[in-house]
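Okay, so chain A shows up in both of these, paired with chain B first and chain C after.
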Partner chain A sequence: MASVAERLQVSPFMTFFIIMSMQIGIGVLGFQRIIAETAGHDAWISVLLAGASSHLILILIYWLLQQADGDFVLLHQRLFGRWVGGVLSLLLVLYFAIMPFVVLSTYIEVVQVWMFPDLKTWEFSLALFLLCLYITFGGFRIVVGICFFCLIIPSYLVFTFWFVLDYSDFYQLLPIFDHSPSAILKAAKQMTLTMLGYETVLFFYPFIKGGKQSAKWAHAAVLTTTLFYTLLTILTLAYFSENQLQRQIWPTLMMWKVVELPFIERFEYIGIANWLLIILPNICLGLWCSSRICKQLFSIRQKMALLVITTICFFCTLWIDDRAEIDFANTILNRAGFYFLYIWIPCLAGITYIVKKVRGNV
Partner chain B sequence: MSMRTALLIGVTVALLCGCVRKEILDDINIESAVGFDEAGKEKIRGTIVIPVYKRGETANKTLTTVSSTAKDVLEELQYKTSEPLVSGSIEIALYGKQLAKQGIFPFIDQFRRDASIGTRLYLAVVDGTAKHLLEGNYGRQGNGIYLSNLLKQNIERRDLPKTNLHLFLKTYYADGKDPFLPYIRRVGEDVQVIGVVLFRGDRVVDTIGQSDMFYFKIVADGYSEGTHTVRLNNKKYVSIKNISTKRTISFSGPKTRPHIHVHIALEGIVREYKHGPFTSAVRRSVEKTFEQQIRSQTEALLRRFQEKQIDPIGFGDLAASRYRQFRHRDFYKHYSQLPIRITADVTIRDTGIIE
Partner chain C sequence: MTAPPPSVWTTLQTLGSSTDFQTKVYRNDTAGLYLWVSYVEPMVDMEFVARSIFPYLFHCPFSSLEEIHRALPIDDAYISSDPNNVKEKLLEGYLFIRLHETDETGLLVKAQKTLERALTVPEVEFSVVGPKESFIESLETNLFLLRKRIPIDRLTVKMTTVGTLSKTKVAVVYIDGIANPDNVQTVLQRIEEVEFDEIIDSSYIVQIISDNRHSPFPQLLDTERPDRVAAVLAEGKVAIMVDGSPHVLIGPTTLVEFFSSFEDYFLNWTVASFFRLIRLFSVTFSILITPMYVATLNYHYELIPKDLLGTLITSRREIPFPPILEVLFLELTIELLREAGARLPTKVGQTIGIVGGIVIGTASVEAGLTSNVLLILVALAALASFTTPVYKIGNTIRLMRFPFILFAEIWGLLGVAFCFCIIVTHLLYLTSLGRPFLSPLYPPRWRDLKDALVRLPFTSQSKRPETLRTEQPIRFDGKKAKQKRDIDE
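Let's look at the complex of A and B:
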């Protein structure tokens, strides 16, 4: 077991909050259009399929962690040697470092389009990265605290979808399975991108007291996220007509436009402002994971790595400035995530299994 | 985390606040209603209403200008105001009948694109010009609020089917349903809902009058809370308030030429009957007559839609949810000849608080 002092660890059930807060991110604002483009009104089935596949991958991840005594970076090195293993882990540093900057760029774009067109990217990104540095400098326990609160506080937003029911025609979901299985599967593949986030467990596993017990909480988190996404997809499909949905960039925000409360005219402003809390764990945990791998690889202080990564991320957000580039960065990140989870993790499990048979241990 | 870093962060955050442009309520003009009319060839007249708040009530200020494209119209009005115009709380957008016949989508596009406009925005078509209607003074809260309340209460309590910007766009984009909007008219110093206009695409092709709105709402929305007067054959009449309405549409036969069956189950209470006691014999005859009326009126309406090749009820979309691999194009090829059967079932539940 990788040695992490007990005072730095968190209890297993916190895994639930870490994983869920990491899964629910900026993608929620617009994933419906993409899957509905492929699978039409059957898209909600794809969400369930993507959820099921996440459970399978999560089982593999936990099995791998058992074999490696909880240290994924070490597993890479033991299997592939110091150099190749190191390079593989370095790719993961890159993956987790790109995440904060992509999430933040996307969020800033939303704020600029919906609320403040004249908001300067650098001002916002500087303020936010300073905040994230402050949080991540506090160590893993603080990051977990942020994950916890940033999931609990905005959770009330679920109730706002009540207003949408008024304008929803659920017959639009019928007939079920009207699209070919291949279309539904393809949409499920696209959906896996929105489900990403549970891969972080590979790196924070040593920080969980009695790591193994956290498996059930991790699965509970993935299940809850899946159900939430399914519900949201069903509502979206009932609320918009099919062609109308294809014209929305952020269907979730559009749905808030119909919310009417006596004390607030435009609810989506509250929603967008609240969304900052939802992306905060994404950024913080992304930074933490990448700096943690750096620390293990190069034996440097984690704060040092954090400073460097955050600075690079900050300059990257300045450099990106239109939707095409943000889309491109999102696609790259999502594709990397997909290959990592659905290709690399099963391969790695296979290799580990064989090595274990041959060598007797990993 | 040292004190110094914390202080640095605090100061930075504080400095960065207030970097975006402010919009102070007293320094802006908030549009509450807009109207579009045709003004000669390829010209558009735009009218906006700005509420002017005075003690106790709200006055209306209207601004009008003529321009060649929809987008310019509202922009050009900026030249006429001392404070910037903001569109965030437009309550209603009106379209003159002439313009609506040529297509209103170009004048809806900007509302769709503007992040600051809610999708509960009401749209309506005006008999006459929107300018004439908006120049009146209605209610104590200003024209915008007055007009949106007028439509709101007619939708919730009367016979106007549900409409707003979202529903218009939803049906506009839907393959199997055509949009409709309320039809209003200025009568002296009042505004009146006089019917519903029906669209093909974004052009008005037909109008439903007040007397048919009740039946239209029952079939389109599946519910209505309006009051309806049933004329019995012996020159007596009875006024009935709807308590609950349930509409079921079912399809049978092949998917390109289905038989459509519309069933309407209605429950009501007697509001007014002044020709002696309301016996169970009278009740039965009222129920029969009402059922008969619903059948014939609804049938006439649906027949009209078929002849005009419009589908405001959304038969196409409903059929799409019942048949696999449904093709809207094949369905609408035969739409005008589809047999539609209507059945009604009326129950009068009670007679009010007297016997």
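Let's look at the complex of A and C:
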């Protein structure tokens, strides 16, 4: 077990908050259109399927972690030698380093479209990355604290969907299983991208007190997220007609428009401002994971790695700023995430299993 | 060349350069002896000396210091020849009696003057119900007030002295067997390490020993209520009492504790919980309302419904300034009034409050400098910031508003959310005596929530706060207290 001092560890049930805050991110604002494009009003089944597959992958991840004594980077090196294993881990550094800037770019795009057309990308991303440095320099405990508060505080937004119920027509969901299984599966594959986030457990596992007990919390988190996404999908499908939905880039934001309070008219403004809290854990934990792997790989100080990665991320947000490029970056990230979780993790589990049979240990 | 070691003689010579240091020679007629009596006049209770010491000195037959010692009916008297000790005790108000002027040995007799004000009603943390006594400047009296409430032998007091000039006595008080020894050790060690010359008040100590000295958030709770100190000692906290300060420090503390008034415990739990929630709401309101005003009027007027927008626009139609200047103008006026009110004598202060609140407010609206909607908001925010039961956190909250206003000016609502994240992070960093400051919210201690945002009935308070890691986590048998009865029994 990679030794982490006990005062730096967090209790197992915090896994719930970490994973859930990682899973719910910028994707929530607009995933409905993409899956409804392929699976139509059966899209909610795809969400459930994606959730179920996430549980399976999570089981594999926990199995791998147990074989590797909680150190995934070391597992790569033991299986493939120092160099190949190192390169594989380096790809993960890239993956987690791309995540912060893709999330931030997407968010800034939303803000620019909805709230501030003249928000300067560099100003805001500089400020936000400085804040993230402040958070990550405090270590894992502070990052988890941010995950916790940034999940709890915006959770009141769930209640705003109550207003949408009045305008929803649930008969639009019928008939069920109207689409071919392949369409539903394809939508499920697209949905897995929105469910990403639980792979971080591979790297923060040593920081959980009594790591093994965290499995049930991790599953609880994935389950809650799945249910939340399913309900949101059902609500979206009931609120929008299929054609209408295809014309919305951010259906969730559109749904907030019907929220009516005596003192607030355009609720989506509040929603978008609150969304800063939702994306903050994504960025911070992404930065933390990538810098942590760097530390393990190159035995450099994590602060150094953080500074370098954050600077690169900052310049990337400046460099990528139009809709097409952000879309492209999102696609790359999602593909990488998909291949990593659904191809690489099962393969790795297989290899580990064989090696274990042959060598007797990993 | 080394200086000669200080002798009692030279010490007395040094003291003698002060005119209030006296050495008088008396003659004991019975024994036929002369007595040299030295003392620092302002520190000595002369009436006591004349009544209880001189009669024995002048009328008993004796030939040595030991005999005088035995004859005197005073407990705190001893013979000493240590120059430092003599000096210290003389400055505390002891008499130093010698048989010859050049003697190096003499008798120290306690004749201290004690002058302290009477116990008064707590003024900062006033409560309508409950005890009405508060700490005063004397450490002995304060300890007396505390011991009276916790008359058990395990109440431990550890005394130290801090301050190279002030020699202030500091007492660390805790209940042995309940308080976590680590916490006690941390406090003792930090007080040992205090490097300062003149410690005037406990607020000096709190600034020196806090975990983060630059944070505007106070990290030790200060209170003037002996009942509150007794209650938290029973929870397993540590109290720091400083001589000359009517405020006692309590640690480890948490953010939510700053929003709990001690009166909460004197009221029924439903009422108390309601008041606590009101207080939390008012604090949030106080911090966020003016930044929201700036954000919405600068950037997001779409947020405001049509009908309300009419009211707002009418009130702002004549105003020549942007919202940010308007807000800063009014906020600073309020701060000015508060500061002026705090510095002036009570009666003048009241007048200033009325003049400021009514005249300046109305006049600035009529003159078209600020909108009347904003005037209401700022006044409410100011009022809300005074609902905090602990004075120091109220100051912090008033300060917090300004970064929020600035960020709201730059990025609107987004800026408010951003500033919020910064402050949450800062709070996550903070610790009080090494224990997380945001507990029981983070790290979540679900059981401690019984006395955080709400206060549940005493029957559910059977365990001590988990955050404190007390040595004895159970307060009383919770099951027994909660025993339910069936109907009609």
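Convention: the second predicted complex is superposed on the first by the 362 of 362 C-alpha atoms of A that agree within 3 Å, B and C clash if a C-alpha of one lies under 4 Å from a C-alpha of the other, contacts with A are read in each partner's own complex, and residues count from 1 in each chain.
Here is the rule we use: a residue touches a chain if its C-beta (ideal position, glycine included) is under 8 Å from a C-beta of that chain, and two chains touch if they have at least 3 such contacts.
These numbers come from a predicted model, not from an experiment.
**Q** Going by the contact rule set out at the top, does A:Ile59 touch chain B (first), chain C (second), both, or neither?
**A** neither
**Q** Under the stated touch criterion, which partner chain does A:Ala220 make contact with: chain B (first), chain C (second), both, or neither?
**A** Neither: A:Ala220 stays clear of chain B and chain C.
**Q** Using the touch definition from the top, say if A:Leu79 reaches chain B (first), chain C (second), both or neither.
**A** neither
**Q** When the two structures are overlaid on chain A, which partner does A:Ile264 contact: first (chain B), second (chain C), both, or neither?
**A** second
**Q** Using the superposition on chain A described above, determine whether A:Leu119 touches chain B (first), chain C (second), both, or neither.
**A** both
**Q** Per the contact definition in the header, classify A:Ser11: touching chain B only (first), chain C only (second), both, or neither.
**A** Only chain C; A:Ser11 stays clear of chain B.
**Q** Regarding the shared-chain residue A:Tyr171, is it in contact with chain B (first), chain C (second), both, or neither?
**A** After superposing on A, A:Tyr171 lies in contact with chain B but is clear of chain C.
**Q** Touch check for A:Ala273: first (chain B), second (chain C), both, or neither?
**A** Second partner only, chain C.
**Q** So, A:Phe148: does it touch chain B (first), chain C (second), both, or neither?
**A** In the superposed model, A:Phe148 contacts chain C only, not chain B.
**Q** Shared contact residues on chain A for chain B and chain C?
**A** 115-116, 119, 124, 127, 131, 134, 138, 265-266
**Q** With touch defined as at the start, can you tell me which chain A residues reach chain C in the complex?
**A** 10-11, 14, 111, 115-116, 119, 124, 127-128, 131, 134-135, 138, 141-142, 145-146, 148-150, 262-266, 269-270, 272-274, 276-277, 280
**Q** Looking at the complex, which residues from chain B come into contact with chain A?
**A** Interface residues on the chain B side: 1, 5-6, 8-9, 12-13, 16, 19-21, 88-89, 115-120, 166-167, 169-175, 177, 317-318, 321-325.
**Q** Can you name the residues of chain A that touch chain B in the complex?
**A** 113-116, 118-120, 123-124, 126-127, 130-131, 134, 137-138, 167, 169, 171-175, 178, 240-244, 247, 254, 257-258, 260, 265-266, 268
**Q** Spell out the part of chain C that touches chain A in their complex, as residue ranges.
**A** 299-300, 302-306, 308, 411-414, 416-418, 420-422, 424-425, 428-429, 438, 441-444
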